[in-house]
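In what follows, a single structure is set out as structure tokens and then discussed.
As written, the chain order gives the labels A, B, C and D, with residue 1 at the start of each chain.
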Amino acid sequence: MLFSPIKHVAKIEVRYAETDAMGVVHHSVYPIWFEQARTEIMRIHEHPYHLLEAEGFSCPLIQMELEYKRSCHYGEFADVHVSLAKEDRLRTRFFYEIFVDGQLCVKGSTLHIFLKDGKPSRHSPEAFEKIFFPKAP
Amino acid sequence: MLFSPIKHVAKIEVRYAETDAMGVVHHSVYPIWFEQARTEIMRIHEHPYHLLEAEGFSCPLIQMELEYKRSCHYGEFADVHVSLAKEDRLRTRFFYEIFVDGQLCVKGSTLHIFLKDGKPSRHSPEAFEKIFFPKAP
Amino acid sequence: MLFSPIKHVAKIEVRYAETDAMGVVHHSVYPIWFEQARTEIMRIHEHPYHLLEAEGFSCPLIQMELEYKRSCHYGEFADVHVSLAKEDRLRTRFFYEIFVDGQLCVKGSTLHIFLKDGKPSRHSPEAFEKIFFPKAP
Amino acid sequence: MLFSPIKHVAKIEVRYAETDAMGVVHHSVYPIWFEQARTEIMRIHEHPYHLLEAEGFSCPLIQMELEYKRSCHYGEFADVHVSLAKEDRLRTRFFYEIFVDGQLCVKGSTLHIFLKDGKPSRHSPEAFEKIFFPKAP
């Protein structure tokens, strides 16, 4: 597995609508925060995901796993740490850790493939490679 | 306003994810139940919305209003009563009342226009007219 | 109607999960952005909503209306302008306008009452009054 | 791992709001369908989850994994197959397979512990045991 040197922390304010009757953030919300972290890491490196889409690429999620350690609550800000790696030539894995006040709440990863015009692509988009997996000089 | 003779009641089980930290269904969920009721009323009259889409039509929502009378809770089933009317030649209004155990919880309406290939359509889809606004003989 | 001098603009990045198969933000998402704007306007004025809850207050939404002018898309940032007014002694109305790149996309309002320990409260929370409806000297 | 003899299939109609700009059900929706399947399997066996809550129990999700094989679309009905097993004395695992027209779309599992009055419970609720893990005679 080849890790990217690029990392990012997305700061997300808990929305009331994201809580459930247990008074905590519902477990189905964290994948959406993961996605927000992926959106941010690509945007701040000048190749936002919607540009990839405009180039005919998409990057669907094919596997996901999460561990829930502590609950998040309305009134809190969450730090979503995101990093990524090449799982193999065709698949990219993103890793996430969500912290509130320095305490680990959720840990997870998502696995993605690149599609070009709807079909599995043999190569990641060039700009994506250049930013996240630059070759050593 | 020309009312359709067609009405429908969609029965919806509250999902845990739809509740919030107040222990009740979050107010943003009811528009989704309205949509489910629209899906059902079209499906059971043999012209499901996804067929309209396949014919190049869409029916975006352009205005919405809701009144909240009582809360819905996890463990309950809601009856979403839906009816519709022509607001004018171009616009269709759907009306909704949501009941739990015979008690009115939410009342609302949504206003829609038909688009054909993304542009406002002068006519509703023919099948839609025939089903919901049949002419008197 | 007594308007508060306090206004706020919440900047919200569109989430992929918030889009639908029409390629635009689903209409049920905007009430959640409205709520995020309410969260922010209270937080930045040093009386976050979760503190109100800790004092036994809640502020449920009892009515809502929205007009949809233009669609929002993934890859965009929305500016949610929020202001508020006393509708009458018991009810507070929030007003919203959502802009993307200076274009008005959505306009709406939500009506709220204050509950204290679950019962309608004759008075808004003191801190809320002091911040949002300060008396002229 | 001790498997329960009890299984269930929940039939779920795709909601428009559940789709995203790729035209498919967003990956964060399936955990909500899983939950709907858990709600149903408990309800039809006469011990709905909200009764467990009324008895002071809760059953939070502590781990989740999903594999995405095929997309689901608006206009489709999904069959969510659910079964469960004791992972060990304290933890219950639910298994899911989601089919559309006989094709496997999503596969996953969720791991849960029982809490009594907010603290890990040494025993599952009695009614839960009796229904899902009846002892051989």
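By definition in this document, a residue touches a chain if its C-beta (ideal position, glycine included) is under 8 Å from a C-beta of that chain, and two chains touch if they have at least 3 such contacts.
Quick caveat, the model's predicted, so the values are computed rather than measured.
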{"item": "Of B-D and A-B, pair with higher C-beta contact tally", "value": "B-D"}
{"item": "Greatest separation from subunit C - chain, by CA centre", "value": "D"}
{"item": "Distance between chain centroids, defined by C-alpha means - subunit A, subunit D (Å)", "value": "25"}
{"item": "Subunit B and subunit D: spacing of chain centres that average the CA atoms, whole Å", "value": "28"}
{"item": "Computed distance of Cα centres, subunit B from subunit A, in Å", "value": "35"}
{"item": "Where subunit D touches two or more other chains, by residue", "value": "16-17, 28, 32, 35, 73-74"}
{"item": "Complex interface listing, subunit C residues touching subunit A", "value": "13, 15-17, 31-32, 35-36, 39-40, 48-51, 73-75"}
{"item": "Touching residues (chain side subunit B, partner subunit C) in the complex", "value": "22, 27-29, 31-32, 35, 58, 60-68"}
{"item": "Parts of subunit D lying in touch with subunit C, wherever the complex brings them together", "value": "16-17, 19-21, 23-24, 26, 28, 73-74"}
